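Structures are listed in the sections that come next.
Both complexes below contain chain A, partnered by chain B and then by chain C.
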Partner chain A sequence: MGLLTNLRDSISRVTDGLFAADEPKRIGIYGPPNAGKTTLANRIARDWTGDAVGPESHIPHETRRARRKENVEIERNGRKVTIDIVDTPGVTTKVDYKEFLDHDMEKDDAVRRSREATEGVAEAMHWLREDVDGVIYVLDSTTDPFTQVNTMLIGIIESQDLPALILANKTDLEGSDVQQIANAFPQHETIPLSALEGDNMDEVYTKIAEYFG
Partner chain B sequence: MPGPKANVDAADDPDDGDDSGDGVRIDMISGARMEGLTGMEKIRLILDGVRDGNIVILEEGLSPDEESKLIEVTMTEISPDDFTGIEIETYPKAEAGDQSFLDKLMGRESTQKLTVIGPANRIETLHKDENLISTLVSRK
Partner chain C sequence: MPHQCTSCGRTFPDGSKEMLSGCPDCGGNKFQFKPAGATEDTTAGATDQADPPSGDAGPSGSAAEGRSRTPPTPDDRSASTPEESGTDRRPTEPADATPSDASASADASAESDGTEQIADRSDEDTAQASARSEVVSPDELDRASRDIEPAETPPAEEEPEPGIDALRDELNDQFESIRIVSPGQYELNLMELYDRQEYIISLQEDGRYVIEMPDAWGIQDE
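And then the complex of A and B:
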């Protein structure tokens, strides 16, 4: 019985591999609010398709719905990798509309934004459990990576056995500390970049092809 | 109809959390108490306590999947001027190297980690490292 099960599993893996080889992998871009996820998604999409994914903003929770850019073909070292980029809302455990009032927003707008943000985070968590094949985890390298949200999310990603690439973003800013991120998650490779300036994107694309190809 | 909440807190809940006055109620929940609950029952137990303004301390924490669902359910319950979410702290996850060879071989992953959860508007983390979680809890 065990032998038959093993044989069936082996055949299933081979056939899955044959049919799934050309299927685009859904790669979720995750991270806390304001890490630069949409800036990165736009950078990747513009570099390889010419289009953007969504608007960028310094106000937290600008992205309040998961947005997908399909069939992004990345060529690296003669190898072509096709991915669907899923830009997700920044994950948090709390949303208070009063924080948006500091950004010159009326109460009604702030309440609406916070409601959309909570729906977006719930949606992002659902995507993570059900609908992504790999994760690009984006962190702002000028901030402390030892936060509970980061610890929990990396733990969730690891528990799902998803391939994960950690990007230390905003290296163009003073106070950027890539090593701190590498120290926080030593079990993963950390790639520095500035999605805004396009610094070190070559290495990012090489790693995307390596991790998700 | 009584739901999971009634199932887990009716037996020995000293009060419903409403008569704590100026104090802060802390519920320390043992691993044994959580053991027989489903993931959703655990989340309900935590969120019902936190929404009453209590601090909930779990002896053994939640699994990654349960943490994911806790975030998701928390988001659906946030409402303006009422509930702004949760603050949650655990010790950083132990390195994989701390697991025994047998645990690794059997795919057993320990999720035992003391976890503190409270209302986001009442609990603030002052310091956190591998060995210490220091939080400031404000009264209602």
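And then the complex of A and C:
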């Protein structure tokens, strides 16, 4: 980051403080493993900052520590919304190293990944309690949304009155069923997208601005 | 002395309130859990954590299930869980608890600077610690059983084998939020994890873990 950028950042921070009166909202990207959270985080970050957030993988529990990208400035309808996005580890009630053995992993590595994944869930849950101002909940629309994890997390989010957007991801895949997700969480707005292909990102950004601005 | 500061080595009894605001000697906020050895533990709940049928396990159902297996943990007091905010399930109050504690606990935990809450928590922490590490007194048994749902089966009486299994059981009992089924296999109680003030940053298979107190989250930027 260059000197000028730094300077501009600190100036805008000061003016933000003076005029907007509030810090960027910290938005946690939550959901089960492999839903496409990191893919979405990377797309948002690349679209608005040029950087990526973290590695994506078809192997579940790729993200095992929360990762944050600060001051993502999203422009919608002439209005600027600044958020910090936190990509969190996929939340689950069971982690089993055997699941990773199918992915050509040595047992040692699988056991380590499993332990780190468990620590990651603990971290994600902790952030949910203390450190996020809003949630983007990402679901793989080709899988059944009626799970214990989803019900519990959405329940927690509601109990905290956090603004939440539900994203039905992977609409590019056959077998994607957005309506099933909408039915599962009728009290929330469900937005379809393909984070991988970048489909419907316009609506996603409009909703982000609307919910978290 | 189950906890030890990872920077200066000072040890703390389980549930020590000093730990909660960082190490008083060096200010460190990472502590390693050192199992005291095999203790007589109930292993209730070890087998009932299988995935419930999907769809019917709401936040309240699961939380209640998680709660009912074990005596209340210190963190139950500050929990802001979906079903609990209005109801006080705690059967006994420490003598010095503030009158508004029950209803205000959720707020206190959300914006606490640490101190007030810790003062509040100390009694139960101590009680909880001794409940875990010593022979359970009739009073504590009573306390515990009143928190257990009537339908729940009584705690199993079996004694864990000494050694790694005992350590594992002890960790499981201390941290009912994470159950180590075997190395590399874990079951997580999301509600408990959500409720805890501190969180586990490092699990180790020998029954140790390193926990970090709420002051300084290790989070990676970018």
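By definition in this document, the second predicted complex is superposed on the first by the 191 of 213 C-alpha atoms of A that agree within 3 Å, B and C clash if a C-alpha of one lies under 4 Å from a C-alpha of the other, contacts with A are read in each partner's own complex, and residues count from 1 in each chain.
Criterion: contacts are C-beta pairs under 8 Å (C-beta built on N, C-alpha and C of every residue); 3 or more make two chains touch, one makes a residue touch a chain.
Predicted, not measured: the structure shown is a model, and the values here were computed from it.
Following the overlay on chain A, a clash is recorded for the pair chain B and chain C. Using the contact criterion defined above for the overlaid structures, shared-chain residue A:41 touches neither chain B nor chain C, since it reaches no partner. One of chain B and chain C touches more residues of chain A, and that partner is C. Contact with neither chain B nor chain C is seen for A:85 once the two complexes are overlaid on the shared chain. In the overlay built on the shared chain, the residue A:138 is in contact with neither chain B nor chain C. Of the two partner chains, chain C is the only one touched by A:70; chain B is not. In the superposed model, A:130 lies in contact with chain C only, and not with chain B. When the two complexes are overlaid on their common chain A, residue A:119 makes contact with chain B and with chain C alike. In the superposition on chain A, contact of A:51 is made with chain C only, not with chain B. Overlaying the two complexes on chain A leaves one chain C stretch of 39-47, 93-101 or 111-119 clashing with chain B, which is 39-47. Residues 91-97, 111, 114-115, 118-119, 121-122, 125-126, 128-129, 146, 148, 151-152, 155-156, 158-160 of chain A contact both chain B in one complex and chain C in the other. Taken together, the chain C residues at the contact with chain A in this complex read 51-52, 54-55, 57-60, 62, 80-82, 85, 110, 177-178, 183-191, 193-196, 199-203, 205, 214, 217-222. Interface residues of chain B facing chain A in the complex, by the touch rule stated above, are 63-65, 67-69, 71-72, 74-76, 78, 80, 84-90, 92-93, 95-96, 109, 120-121, 125, 128-129.
Chain A makes touch with chain C in their complex at residues 51, 53, 65-70, 86, 91-98, 107, 110-111, 114-115, 118-119, 121-123, 125-131, 144, 146-149, 151-153, 155-156, 158-160. Those residues of chain A whose C-beta lies close enough to touch chain B in the complex are 91-97, 111, 114-115, 118-119, 121-122, 125-126, 128-129, 146, 148, 151-152, 155-156, 158-160, 187.
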